[in-house]
Amino acid sequence: MHSLIQLSIVVLLLPLLSFVILIFFNRRLPRRGDFIGVGILGTAFAISAYIFWSVVVQTYDPAFRLAWDFTWIDLGNVPGVGPLQIKMGIVIDNLTSIMLAMVTLISLLVHLYSTGYMAGDKNYGRYFAFLGIFTFSMLGIVLSDNLFSIYIFWELVGLSSYLLIGFFFEKESAADAQKKAFLANRVGDIGMWLGILILYSQFHTFSFSEIYANLAAGKFAMSHAWLTAAGILLFMGCVGKSAQFPLHIWLPDAMEGPTPVSALIHAATMVAAGVYFVARIFVILTPDALHVIAFIGASTAFMAATIAITQNDIKRVLAYSTVSQLGYMVLGLGVGAYSAALFHLVTHAFFKACLFLGSGAIIHAMHHEQDMRWMGGLRKHMPWTFATFTLATLALAGLPLTSGFLSKDAILAGAIGFAQVEGGGIFYLIPVLGFFSAMLTAFYMGRQIWLVFFGESRTHLKPADPHHSDHHAHDSHASHSDDHHTEHGVHEVSWNMRAPLVILATLSVFFVYSPDPLDGAKGWFMKMIPTPATVVGEANHQIGELPLGTHQPVLAGVAPTTEVSAPEVAAPAHGEAHAAAGAEHAEAGHHYADARQAEIVHAGHAAHYTAIYISSIMVVLGIGLAFVVYVFGIINPATTAETLRPLYLFSLNKWYWDEIYDATVIKGSMLLATMLSWFDTNVVDGLVNGIAFLTKKFAFANAGFDKYVVDGMVNFTAFSVNTTGALLRKLQTGKVQTYVVMLLLAVFGYFVYYYTRLIN
Amino acid sequence: MFELPSGAEIQGIIASVTASVGFFIPEIYLSVLFMLLIVIDLVAKGRKNNLLSITTLLGLAGTLFFIYQQNALPAGELFFGMYVLDKFALFFKYFFVLSGMLAVIVTMSDEQFEREVKSMGEYYALIVSMVIGMIMMASSADLLMIFLSMELVSFTAYILTGYFKRNHRSSEAALKYLVYGAVSSGLMVYGFSLIYGLTAQTNLLKISMSLAAHGYDPLVMILATLFVLAGIGYKIGAVPFHFWSPDVYEGAPTPITALLSVASKAAGVALLMRFYYIAVPHNVKSYEDILGIDWHTLLMLLSVASMIYGNVVALWQKNVKRLLAYSSIAHAGYLLLSIIVLDELGTQATLFYLLSYLLMNFGAFYVVILIANKTGSENLEDYRGLGKTMPIAGAALTVFLVSLVGLPPTVGFIGKLMIFSALLSKGSLYMWLALIGIMTSVISLYYYMLIPLNMYLRESGNGSDAKSMNPGMIAQVLMSVLMFLTIYFGLFFAPLSDFARYSSSLFGITLH
Amino acid sequence: MEHLAPIGLNHYLTISAILLGLGLFAVMTRKNAIVILMGVELILNAANINFLAFSKYNGGMEGVMFSLFVIVLAAAEAAIALAVVINIYKLFKSVDVSSIDTMKE
Amino acid sequence: MLSLIVFLPIIAGLVILAVPSSQKQIIRIVSLLAALAQGVLAVLMWRGYNPALPGITAGANGSALGSFQFVEKLPWISLNLGSFGSLNIEYFIGVDGLSVTMVILTALISAIGVLSSWTIQKQVKGYFILYNLLASAMMGCFVALDFFLFYVFWEIMLLPMYFLIGIWGGPNREYAAIKFFLYTLFGSVFMLLVMIGLYFSVLDPVTHNHTFSLVAMASQENYIKDAILGPDNVMWRYIAFIVLFIGFAIKVPMFPFHTWLPDAHVEAPTPISVILAGVLLKLGTYGMLRINFPLFPEVFHASMYVIGIFGAINIIYGAFCALAQKDLKKMVAYSSISHMGYVLLGLAAGNSEGMTGALYQMFNHGTITAMLFLLVGVIYDRAHTRQIEKFGGLASYMPVYAGIVTVAWFASLGLPGLSGFISEAFVFVGAFSSVTTRYIAMVSVLGIVFGAAYLLWSLQRMFLGKRRADAAYDLEIGEDGHEHIHFHDWKGKIDLDGRELAMLVPLVIITIFLGIYPMPVIGMLTSSINKLVQVLTPVVLTSMN
């Protein structure tokens, strides 16, 4: 076992250890054991940093890949398949090591930050335990080498998210939000699970490398549509987890969780997992599947941005901006700008975490006031927060010199290139939506900055709140004085909350990623994360529908130069073989398996400057608009909202998605459940067991019988048996002469029967 | 008109009779016992009645010895073919003597006798005479003998049913039984006369041969068959000849109910089997064509009707004795099932089922008596809470009822198993019969379980405690023994089954 | 009297059938228990006529024997029946069988 | 040893019979000791079990014992039936991969059931006698290899169950008890007919007598060609299969034969619910695996699609019904229906993955649902109500209870890392891999969402938020200034006490352990399942040639 693998296992298990210790013993430890959480995460980050250093900095090889697995479940010699084992394993490549470092870093910072933010909560220890299990699950996703274990950790992330969103479970809204988040994720997960099932049913393996090798070898026996379906279904997992349209509804509600949690889970890591997963399966996505992904990403980006401009809750604005940015990443993957999308994932993780932690600091300082309408003027009271928050905002808006600029432009350039390659038309909608969203982003972030930090404090404007106690309930440690309406309570946060802000803000500047502030492609990140060769590209497009057995020659004829991982089919020793193949790929430059992929990348490169121009204009427009509205007051937002009332309401009410889901899916399910339950009690039970009400009306059903059998046994069967019995017993009149008559009737009846038989 | 027999012929007749007497010892012994009991009753008038019951018990037990000795004898005809001695008849001799003994034992525990009648007088003697009658029914091979023995059984049964002279229900039962029985046996004897007219024979074997050889008028045969069937059906208590049984069973003294429901029914079954197996010519290929009537269908109809009717109507009963009466109608249906199969396995199944029925039905009635002793009632509602106050009786009754349903691990289950095995051994031919049997036994579960339901699941209204409800040591031991046997033979049924198989050979025919 | 056929088997059988019918009719319709018992006697006697007739026309003594026994048993039955009916009269003050139906269903 | 495992509870029952009914504690301890001893023996058996031997049918060398283990074979009844040869019923027990895990499960659940029965105060003696009889019968069913023996054990279960529900149950117990009894009897009587039919159709390969041996019956070459259930009689083989299937399906319970289950569960006392859900339901699917499918493989093959559809209906229908329930126990009962649907679906797949999933799901459902019912019992003991809306915010006041509930609930909804997930996953993997059930599997995955929905919703309503106005408990401000919960007439500990923890913690540990490392159970199944799948793959019957 390679030492890096061993280290990665340690990194994986450390947060779990933190969880186990804290969940059982937090009440017996000093400070409820928060130092254990922080310490363990520190260690984990240190090791991750070492891995990052060894892999990315020292090796500096785009094709670096290290794998290790073990047999988890042995199904024996399965008839029709042969020996079958389900394996679990770890794969380390550049992406993994970057993600590893990113996740542990942000987790560490959030742990640290939380020691300040959550201080005094009655479930303080449990909070750190939950952070631990979340980090464990997230690292599991990052390290997995197969679909099955990704799915496992995927769901565990869902669980930890559930636990953390509902951390203030005494509040009904938090309890609702956690349930909503879990269920929305589950909906995505079943799609993902079906996608996994499609692939498994063909190859009897969950391992990425084996699936890719088999696919590349054209062993997919079902029709090509199934392959596209598999891609889209797997993408559904991402739709759920990364809050893409139409499952985005859970993420804004998830802001009910503690703010550091929002930073960790709902900005930087968990939601990024969806994008990460799509990246992992990128090579099996067919062009059709990619189109779907691209459109979903674009529409998510646009929709969320339009919603964000009208929200008043500081965290909700950020939440919708997160949804919007995730839409960018998905869009990037969909258009084939693989590296750019992942780049944006990382940059966004840092600046969005910074924004959330910053908003947490503001909320903390404002004594759990989250409504921006009652903030204002905080610049003076919270300089550190203001500085870092603004820097992160610029990155989010995508102004040059920030990391966000590099990554967003790379995505938009890819989108333009994609539209060109696909032949324009409807496909231009994708870059157009992207650029428009960029403008909206700049606008709403400008609005936020202005409302929160500039102007005068508006705390006194807040109307008296009839549900006053709710604010206490929000964070139950908020048992401060009643004077939280007054401004003098606002002050800068302590060092343990400030330090993370500074670190994250630093990581939002361009030079961390690229020497050229205008071109991310020149940076190490884009170099280390090249677009992988598809295994289902045009070359395979036809093959899927050909009869079995003809695959190999066709493949060999069409794509002889590709790195179809042919060696892997023969010898699935993952590590070295793949690394070798990858290295060859790197030498050969950007040689793509199919023409389409290559064309998109080249077109993307060509469109690079176009994208810069357009997006810069857009950003400036957006910020300018924000200034026009909020700083110079040229346009009054209130009157504009009045004028555009339908649009305003549409945006404020989040496109009415919650209402639509409530009216259709939720109400529908509940109605169906009630109906089926009624059906079960009255019809199924009735038919099989009895039709109670009929029997109850049955005049001569005596009490005991009615009560104990008929009541429930009222169905057709028991009912008829009972009735028969009730009728038949009437024959027993008690008069002996009737009996004799019956006897003779019986004899006579038999006689008639036989006599007719006889004469026939 | 008739030639007088010559001296040599008379000598021969006497010699034949004398020889036959040697094969007739158990019956003679029982007749002696019968007379002895009457004498004792006369001599020991006014004394405690235990003398009579013990004498009967010992006497009957002694009979078993004589019956056992007959095992060694070869199968054959006695008294000019009036009477046969074969393994089949022996089985029933054991069976009836045993049920007679059980009836005596049960009577001894029944306190109702002390309330209702001053002296047991001829009661035990009548039981013995009923046993004689039933034994003869099972051994008869001649229409005349059948008629005589059946009437012997019936007459004693009438008297025993009405034994509680001052009890309205008992007397009413006697009257109904008498009227119904008289009409049935009248019809049967009329049917006999028609058969005699058709064949000029009264011996079953000869009837069969004559029918097979000469043919007959089908119309008359149909009438004769139906009349005979009415008589036998009445004895078995099968639908539609069952009407007397619920009323009689309810009104009669409980030991007599038990005896009627088990022994009298068994006697009917024995008679039916002998008549059906022997007198109806099975070996004639086209017998269905010439007969115009086929017993096969007739018995199937009887059986199905009994199973359905008995079980369905029993659902509505609130008196336990009456409930068991309907259940016994249903059981007549089950018994008929395996007779229909008409082979060795079927015979074996029938005999086995009778044995199991003896055990479980007598057991059930015994417990019913013990409970009635304490509660003075046979109503279902009065069984509430008895599981607590009479634990052994409750457990025993539950076991007997479970056995009556036919659930493992009781002997009743094996009985049903054998019957259904016999049916299915013919392939799918009788599948529908088996299905009906199965379904109706599920129905029967409901009403049988009403009794444990009342005993265990409901609390009694009155505050009686376990001490005042103690049925006594002997009764508890006896119940336990019966309960144990019911379960024991459910798990290790080989002895009973082997015995049933050993007994399934009838004189005059070979079964396959 | 040559136009009258000689008395043959069918005549006996017809008489017997008529007796049987009368007996059954009596049993079914009469209220009085004693009359019902008389009906039963008619049934038995119908059988007797049959036996004797068949015995005469088929040959053999079995029928004669049978009828003798039927007569004897009929007498015995009558004795028991009368005892039962008297007892019923004592208890119910009536011998109307249709009114004696305390046990039913 | 196997006999001892089976009959230990009955022996305990006999001992209890001799104990005066006033000595309640002795009675309980005797039962507990027997259950623990049974558990120890089961573990010993598990240790000694060789997972390489497949079982299922007779061994390759034609040995009638097959490759079963811990076999005990004694002649029980031997009758001469004349022309039908001799009737041989054997006391033939043994285990293979199908039954060994079930034996362990039964021992485990029985022991936990005894602990859970500690609170029974009414007629303790009678209760434990019946309980032990039930425990023996269940165990006997799992190890019986003779159809007759199986049937005897199968039916013996009914009566104790009837009384246990009927005497110690809730207000509507009489109805529930008789409903349970009638339903299951209705299912099993037809099994009797099939059993007899099989008896006449199968010859023992060694003695050439008719036999009840399930091992002989599992090999199609032992069938008489033209017998009632022989290969020639296609129609009757189909009918027999259907009849058997319904008999077992009632026990599972499969839609539309499931309506007895909610009633029985709601009325039954907690330990009986635990036994019922934990073990009894498994007998249905075990019966299918042991008897129904291998004896009629070609019919099974033809009906996989239908079975799969019923499985899917169970999954989704059960989930929807659970969603609508207001009574917590009823909800859990419907969740059982839903989860047993996974087992059916896995069986319908007919491949190793699906069957493994199904069997593993049987084990996991046993432990998880036992946990669920125990937890329902805990709150019912305290509050005397199970209405979901009578609670709220319990997590604040009963943290340990809430913690275990969370684990159990999530295990039930199939969270990875807990055992239920792996089995459900394998069921889907198998069902999807089989072309027959592919589309059914695609529909059934909806069950994952709705399963989560009703569980999370109930969790929220009972444990999250705050006390409701009409809750079944009061809140008091304690000396330390915190709020404490107070149940009206509950004297014991508010949160879980030692006995309750002793029941729940082992189950939690098993659930988690088997969720992380399933091989201790799956490893024992695989060779048997692979063999079973081989047996089930369509055989061309001789007559069809």
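By written order: A, B, C and D. Residues from 1 in each chain.
FYI, contacts are C-beta pairs under 8 Å (C-beta built on N, C-alpha and C of every residue); 3 or more make two chains touch, one makes a residue touch a chain.
It should be emphasised that the depicted structure is a prediction, and the values quoted were computed from it without experimental measurement.
Comparing chain centres built from Cα atoms against the global Cα centre, which chain wins on proximity?
Of all chains shown, the one whose C-alpha centre lies nearest the global C-alpha mean is D.
Which chain maximises the distance between its CA centroid and that of chain B?
When every chain centre is compared against chain B, the largest gap points to A.
Looking at B-C and A-B, which pair shares more C-beta contacts?
Top pair by contacting C-beta pairs is B-C.
Cα centroid separation between chain B and chain C, in whole Å?
27
Suppose each chain is reduced to the average of its Cα coordinates; what separation in Å results between chain C and chain D?
66
As a quick test, compute the distance in whole Å between the mean CA positions of chain A and chain B.
Taking the average C-alpha coordinate of chain A and of chain B, the gap between them is 78 Å.
Using mean CA coordinates as chain centres, what's the chain B-chain D distance in Å?
44
Quick check: what residues of chain A touch more than one other chain, meaning two or more?
Within chain A, the residues that touch at least two other chains are 708-709, 729, 732, 734, 736-737, 740.
Among the residues of chain B, which ones contact at least 2 other chains?
Answer for chain B, listing residues that touch two or more other chains: 175-176, 179, 183, 187, 246-247, 316, 446, 453.
Quick check: what residues of chain C touch more than one other chain, meaning two or more?
Expected reply: 24, 27, 36, 97, 100-105.
By the touch definition up top, name every chain pair that qualifies.
A-B, A-C, A-D, B-C, B-D
In their complex, what parts of chain B are in touch with chain A?
Per the touch definition, chain B meets chain A at residues 175-176, 179-180, 183-184, 187, 218-219, 222-223, 226-227, 229-230, 234, 240-241, 243-244, 246-247, 292-293, 298, 301, 308-309, 312-316, 318, 380-381, 443, 446, 453.
Which of the residues in chain A come into contact with chain D in the complex?
72-81, 84, 148, 151-156, 159, 162, 166, 169-172, 174-176, 178-179, 182-183, 186-187, 189-190, 193-194, 197-198, 200-201, 204, 669-670, 672-674, 676-677, 680-681, 684-685, 687-689, 707-709, 711-713
Can you list the chain B residues touching chain D in their complex?
Residues of chain B touching chain D: 344-345, 348, 388, 398, 402, 407-409, 413, 416-417, 420-421, 424-425, 427-428, 431, 434-435, 438-439, 441-442, 445-446, 449, 452-453, 456-458, 491-494, 497-498, 501, 512.
Provide the residue numbers of chain C that touch chain A in the complex, in ascending order.
24, 27-29, 36, 97-98, 100-105
Provide the residue numbers of chain A that touch chain B in the complex, in ascending order.
The touching residues are 702, 704-705, 708-709, 721-722, 724-726, 728-729, 731-732, 734, 736-740, 742-743, 745-747, 750-751, 754-755, 757-758.
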